[in-house]
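Here it is, the structure in full.
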Amino acid sequence: MMFLAILFSISVCFLLILIRLIAGKTTYDRILAANSIGTIVVLAISIHGFYMGRPEFIDISIVYALINFIGTVAVLKLFDKGKLGDK
Amino acid sequence: MITEIIINAFLVSFMLVIALFIVNTRKVIFTILLAGTYSLVAALMFVSLDAVDVAFTEASVGAGISTILFLAALSFLPKEEVQESFNKNDIFALSICLLIGGLLIWASYDLPMVGNENNPVHQHLVSDFIEGSKNHIGIPNVVTAILASYRGYDTFGETIVIYTAGLAVFILLYNRTSKETNKSVKNEISKK
Amino acid sequence: MIDSIINYSSIASLILGILFILIGSIGILRLPDVFSRIHASGMIDTAGTAFIILGMCLQSGISLITAKLIFIGIFIFFTSPITGHVTANLARKKGLKPITNNKGKTL
Amino acid sequence: MINFKSIILFFLLLGFWLLMSGHYSILITSLGIISCALCVYLTIKANILDNEMLPLYFFPRLLQYTLWLIKEILISNIETAKVILFKTEDPELFTVKSSQASNEGKVTYANSITLTPGTVTTQINENVFEVHALTKSFGDDVRSSQMDKMVSWLEKGK
């Protein structure tokens, strides 16, 4: 029951940041909000595993933590240079 | 049971909100950001439906690689989407889409109910796969065992495709001129 | 006895983590500009994540899951300043002026 | 090209692989050893195995530094929470000097500043950092250069 309550409170935080993601004035606000949502979802996936009683699926949150970092840096690099490659 | 329905409803409404905003935004980079967020919620949804392998794929391919591929493609695109005006041909296309979609939904009523244990799919082989795959092959994941080993013969074409893709990656990574360029770079450095 | 102590401390740690995450999200929503919002995002990435992962570690005991959780924590701990710094640096490079005290506050 | 660093990297990767796997039959573990060796080979071939990637000389004093940093992070988290809840933000932008010799030390210092909520490094120019702080007291914390001394101490732990 406790994990369910925590899952719901995380959803509330998700909603708050989603407002910033949609309403954010500059692109940097949106990128920051997307990155924070990624972190929150990483936590939510692992807590969901505990709620279902099968916490073996934490691998997904590891993958997501890696992907979230790479994606954010890729978006920022594209915004900086206008392309992803070196040439 | 109720709590699971509530969780799923929450996630689906998140996905709906994000999808509406994806349709609404005109800046392509925001669309990509929102699409990444969307597929991340989808991964959470698959976890709550107990489809862990699909969630794994969604997290790594849907949220990771496709976002980066979209970004790489974006550098060749204009930054803003052009607002398209309404065309008469669109009505024709729309009606065809609606017709075919309706037909497909109608046809789907003849399929057996999803999750019914009396379905022909669940009657034979499946139990054998689930019980025996660990001992037959020695790979703990049933999905991997079925894809890579049991279906090894009837997905022979698929295996060839994957092999070709791997070969292509090696050919791309293999630097044919590496030794010569290395020499020339070293020469330049020594000249300086 | 010890079980219940561990259980209660894990609940306390989870609730503390949720509180930090909630305050961080309020900060992301409320603070005036990008540079200030990075601080709130940093709160989610450090204290919120650390307390929630600590709570889950206490729940699962000594196992492979705990090791994986600790790895997630370390990874977020290492990557959070990089994304924060790159965002701030880019915003600065593209000429975004932070709201500072000598110019007065605007929301 | 197999040196001390590549061996340490191999064992770090292997430990990570074993952590992720959870199944320890001979077939699967040998696959893991092969993939770790491949990764180390690619790292050596790409020529990125240097101090920047694996700063081994940080390791002896790393534990003490991390504990100190965690304490700092906790304190500044509580301060930031207060600022967010009571709407007393008063942002400022200033520059500080760093006294580290190596690039890795500078990166560690800049990341430590960013990691403590309330202060963010926005630009790095040689050894002058531009820092954005949420309130004046956070700025004073950075200007007192306690963290600078700690990172310099960490760097000298050879």
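By letter and in written order, the chains are A, B, C and D; residue numbering begins at 1 in each of them.
As a convention for this text, a residue touches a chain if its C-beta (ideal position, glycine included) is under 8 Å from a C-beta of that chain, and two chains touch if they have at least 3 such contacts.
Model, not experiment: these values are computed from the prediction.
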Winner on C-beta contact pairs when C-D is weighed against B-D: C-D
Chain nearest the overall Cα centroid: A
Centre-of-Cα separation between chain D and chain C, whole angstrom: 16
Gap in Å, rounded to a whole number, between the CA centres of chain D and chain A: 21
Separation of mean Cα positions, chain D and chain B [Å, integer]: 34
Chain A and chain C, separation of their C-alpha mean positions in angstrom: 12
Shared interface positions of chain A, touching two or more other chains: 31, 56, 59, 62, 66, 79
Residues of chain C engaged with two or more neighbouring chains: 24, 26, 38, 68, 71, 80, 82, 91, 93
Residues on chain C engaged by chain A in the complex (per definition of touch): 11, 14-15, 18, 21-22, 24-26, 28-29, 34, 37-38, 41, 44-45, 48-49, 52-53, 56, 59-60, 65, 68-69, 71-72, 75-76, 79-80, 82-83, 86-87, 90-91, 93, 96
Footprint of chain C on chain D - complex, ascending: 16, 19-20, 22, 70, 73-74, 77, 80-81, 84-85, 87, 89-93, 110-112, 114-124, 130, 132, 134, 136
Residues of chain A that touch chain C when the two form their complex: 2, 6, 9-10, 12-13, 16-17, 19-20, 26, 28-29, 31-33, 35-36, 39-40, 42-43, 46-47, 50, 55-56, 58-59, 61-62, 65-66, 69, 72-73, 76, 79-80
Parts of chain B lying in touch with chain A, wherever the complex brings them together: 3, 7, 10, 14, 17-18, 21, 29-30, 32-34, 36-37, 40-41, 43-44, 47-48, 50, 52, 55-56, 59-60, 63-64, 67-68, 71-72, 74-75
Chain D-touching residues of chain B, taken from the complex the two chains share: 138-140
